[in-house]
Amino acid sequence: MSVLDAKIPEGPIKEKWTNHKNNINVVNPANKRLIDVIVVGTGLAGGSASASLAELGYNVKAFCFQDSPRRAHSIAAQGGINAAKNYQNDGDSVYRLFYDTVKGGDYRAREGNVYRLAEVSANIIDQCVAQGVPFAREYGGLLDNRSFGGVLVSRTFYAKGQTGQQLLLGAYSAMNRQIGKGKIQMYNRHEMLELVVVDGKARGIIARNLVTGSIERHSAHAVVIASGGYGNVFYLSTNAMGSNVTASWRIHKKGAYFANPCYTQIHPTCIPRSGDYQSKLTLMSESLRNDGRIWVPKNKADVEAIRNGSKSPVELSEEERDYYLERRYPAFGNLVPRDVASRAAKERCDAGYGVNETGEAVFLDFSSAIMRYGKEKANILGEADASKERIRELGEGVIESKYGNLFQMYEKITDDNPYKTPMKIYPAVHYTMGGIWVDYNLMTTIPGCYAAGEANFSDHGANRLGASALMQGLADGYFVLPYTIGDYLSDDIRTGPISTDTPEFEEAEKSVKDRLEAFINNKGTKSVDYFHKRLGRVMWDKVGMARNEQGLKEAIEEIRQIREEFHKDVFVPGEMNELNPELEKAARVADFLELGELFALDALHRTESCGGHFREESQTEEGEAKRDDNTFAYVAAWEWTGDPGKSNLHKEELTFNDIELKQRSYK
Amino acid sequence: MKLTLKIWRQKDANDKGRLETYQLDNVSEHMSFLEMMDVLNEQLIAEGQVPVAFDHDCREGICGMCSMHINGEPHGPDRGVTTCQLHMRKFKDGDTIYVEPFRAKGFPIIKDLVVDRSAFDRIQHAGGFVSVNTSGNTQDANAIPIPKDDADKAFDAATCIGCGACVAACKNASAMLFVSAKVSQFALLPQGKVEAKRRVINMVEQMDKEGFGNCSNTGACEVECPKGISLENIARMNREYLKATILSE
Amino acid sequence: MSNSALLNSSIAKKWWMALTGLFLCLFLVGHLLGNLQLIFIHGEEGKRAFNEYAYFMTHNPFIKVLSYVTYFSILFHAIDGLVLTFKNKKARPKNYAYNKPGTNSSLPSRYMAVLGTAILVFIVLHMASFWGKMHYTAMPLHTVNVENTEFYLTQTEGSYIPVVDFEQNDLGEAKFWIKDGTEFYTTRGEIKLGEGYKDLHSLVFAYFGHDKMEEANLPANKNALIAVIIYVVAMLVLAFHLWHGFASGFQTLGVNHSRYNSFIKGFGKFFAIVVPLAFAIIPIMIFMNK
């Protein structure tokens, strides 16, 4: 019997959440005033949780390392948010959203959680509209939808290419209302560096004021971690520069299990790396694949010529091009799911067909779409005998109206005009499905410590569908956590304020200070980034899109090596008691260096391929991912033992009562 | 390319601060401005010096964290971009580039190029919201149709990233564009109209308290805004304020 | 709340700027139309028309009220502008070491306070030269020529009585006397019969270099060229001030609509060129035709 109890309520899947809400304990309003809750992170999950908890009456202390809650990286999400509203009358339902999400996650998610997510999804849209989120609308004044990421219905609500921004600003506005009322105490430019556990319960955090450098103690009756994902373990990712695993890793080291760390989503359409100085990768919306065709040259000679600039890609005839997605997946073509598209690009580039100087880029070509739309437009305009140039011009206009802002962004970054020459794209790390293990109530294995949003592992399984991250973050924060946390806090109404003047706080504060002082006093020779880049290289090469046993074993060794060197030789300039970005980075990279090893270990132990985790040893004859449901239909939750490489594995078996397990196929 | 950088260095809020000169070789034109700053910092660290502190986070032009005043303009010479999207190809080999923090009474300097923009947050606390609980038990999202034009305009106003370039560019360090973007977003939507009067009065009052200057319609904010927020929003806020003060009971 | 908001808030201060500023634009039009008589109506007729107009402007009760509103507007516009400018300076205690505002805003828009101050100085000078003389000094009257009955009196009601209709005493003296050179009283001084036109026309012409000595005992201004230059420069300054100010006033009052914006902006620029230009042409023509 596993030590993990997911606490999934009994009963039919449709009634689980309702029954659960009816049966859990609640705290009466007068008592909520006596209870403090700390929320770390102010993205969609943290922001919405802070606002909702404060509305309920709890005293919330919210923390973010940015200078304002509004800057959390949820803001960068482009595409949209799914909800089972069925406004388009195309047969969408809670069940279908549930089904798509479990299938998209390659059957490695918990049914109960996903069903709840689908169930509350519709409320999110109602809620956001009431808050004044300006979703896209049709001329009739009703909300518009688009389809997304290979599902068969239109259920994605969006606000141009800035849906994440609009939703986050909605949550931020709800927070502002509570900050104005004094119900949320906001700690901007504060970073949580340790969890404080008293008598086995999470009772506070140690945070560093990033401006003054002072180490502060904050107590509460419960702690919510909503600090996002850990994609930056790869150094280069579409995550923000500051995105980090520290809050999650700190609670992991205090007893919270870390689940499925190896489930990483690699997004296929990002702007490729241009040099060693590269600090981050920029995502180009997945929607581009609706009209763009992905290809590389058929002949290596052409590849060479394109790389050294002696040939332009537009000079290549159709016969000289390899539209490899259309070739391999005739049914879905360029619209295969993210993981499939990413691996296919890597396969071509590894085979030597990458089209830029680094050999890590493929073309995303809009010329067919431009001509196709151009012809349509010409017909509409009655210009039946339009010249090729005229058709091209009309087509470019259509493309501009659809993707103008993306094309402009691409041109700003690369200085190439994507209307005239194909875009170069390459996959990049985008989202991490893995995270802190939580039960149905979103509580971690530490009582009183919760994890929400990307920081937890719960709803996406091994792969996340497009437009589902926003849904999950807001569902957790607005509609799940505010209920479930009351069940736990109902025991705390007589506890009274938690003192920070206890040995536990003392000890936690000291450990933080020691850790940071060690960096300052280290006086090594290499910068933090030097180590972070090395870690990223190992992760990308050996724990990236395709993994194998040998590579993973090497990666573990190399990461250990880098970690050792890091602690010996890192140089952190400046002082403790000042704004010191290098010190902040050092603390984060130290945690990444530990996580990286666990990540590789998890990838090594899971010898099947599933979703974002592709083991070269486990593929079909055609080179597609092959799951092993008999052995691996479980959540791998790792327990900290003092050494990431020796973490204890706990398994939470996944049972599927409402969905039949199938091998995904996009042929 | 080779560059001479004149960068504002200021140890903390109380330090007087000064421009320091740095030489940087081997700058690639494909670098973003912040990547160029990274290279400079790596160079400084290698020399055992304290690197330049600057705000940045998403590096894709949406979080609004980066905030430099580059060669006399917030976010530098390019249009419609934040500093993180500004690329070095906008500069020439041998250029001298001045890098300063955003300067305004409402944006006190914390260190080097890092300024404190929490005044923006406080303005939002004063009224940048619709007073609706996050229960989810609101009416259906499609219960009130909103004309597409209004929704689009509200969206355009809502794309403000709160970077503060408007304040930095304005000769009066006025925050009107920022405040008006929020006021407009809500004033254009039926959900926001209910509290429109209270909102605009409270937000403007807080804006004044924070020490920002007045709008003299120079339009610099609109030109420098990385998101192209229109001056139309300021006019709308002026109208809203008029309605809320003179025309209300 | 709303009371203090009407005076103290930044936006209210700007409304007052806009309202007074746009009102002053109207005033400019009125003033210009009056001035244009100086060059468009020639000879004696022009002189009479202009002096009558000047009389009307100083005596009509409605115009009186309007003129007080104008004085108030000028003062308020100047003081409010000054207050705003100081506040704005305070909003950026430390300037950029290197700034390129020219890339994002027009020059006039950034120098409204300087331009405004220059205009204020000019207004003071201008009022001292004309308005002050008109109000506070003994001005020559427009043609006191009893013999040839050219001299008219205006009664306060506004109808004209030729001077010759008045009885004369044995010594040939008029049975009325003149106070301050312009006001006509009965000899015993109880009844004000009327006022003569102060000869502002001649004053203006003399100021800008015309030799009117014979008629009005006004020597031509020796520094007329400087006066003309100052006037023209002031109009240039005004043009810049209006170039930004006109449309800016509408924006401040919340009038911003995609359909009308280009008209407002276009008209503002037209106004900013045409009105000061027309003002400036007058002294130039007077000076050239002396």
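To keep things simple, chains are lettered A, B and C as they appear, and every chain counts its residues starting from 1.
As a working rule, contacts are C-beta pairs under 8 Å (C-beta built on N, C-alpha and C of every residue); 3 or more make two chains touch, one makes a residue touch a chain.
None of the values given here were measured: they were computed from a predicted structure.
Farthest chain from subunit A, judged by C-alpha centroids: C.
Put simply, the chain nearest the middle, going by average C-alpha positions, is B. The geometric centre of subunit B is 44 Å away from that of subunit C, both derived from CA atoms.
A straight line joining the Cα centres of subunit A and subunit C is 69 Å long. If you average the CA atoms of subunit A and of subunit B, the two centres end up 26 Å from each other. Against subunit B, the residues of subunit A that register as touching in their complex are 48, 51-52, 55, 66-73, 75-76, 85, 87, 120, 123-143, 159-160, 162, 165-166, 169, 172-174, 176-177, 179-180, 186, 188, 211, 238, 240-242, 274-275, 277-280, 282-283, 408-409, 412-415, 478-479, 482, 527, 529, 571, 573-574, 578-582. On the side of subunit C, the complex with subunit B involves touching residues 1-2, 5-6, 8-15, 84, 87-88, 90-101, 103-106, 109-110, 112, 244, 247-248, 251-256, 258. Those residues of subunit B that touch subunit C in the shared complex are 6, 8, 19, 69, 71-73, 77, 98, 100, 103-106, 169, 171-174, 201, 204-205, 207-208, 211-220, 223-224, 231-232, 234-242, 244-246, 248. Within the complex formed with subunit A, the subunit B residues making contact are 11-12, 28-32, 34-36, 38-39, 42, 44-46, 48-51, 53, 55-65, 78, 80-81, 85, 87, 89, 110-111, 114, 116-118, 120-121, 124-142, 145-148, 151-152, 154-155, 158-159, 161-162, 185-186, 189, 191-192.
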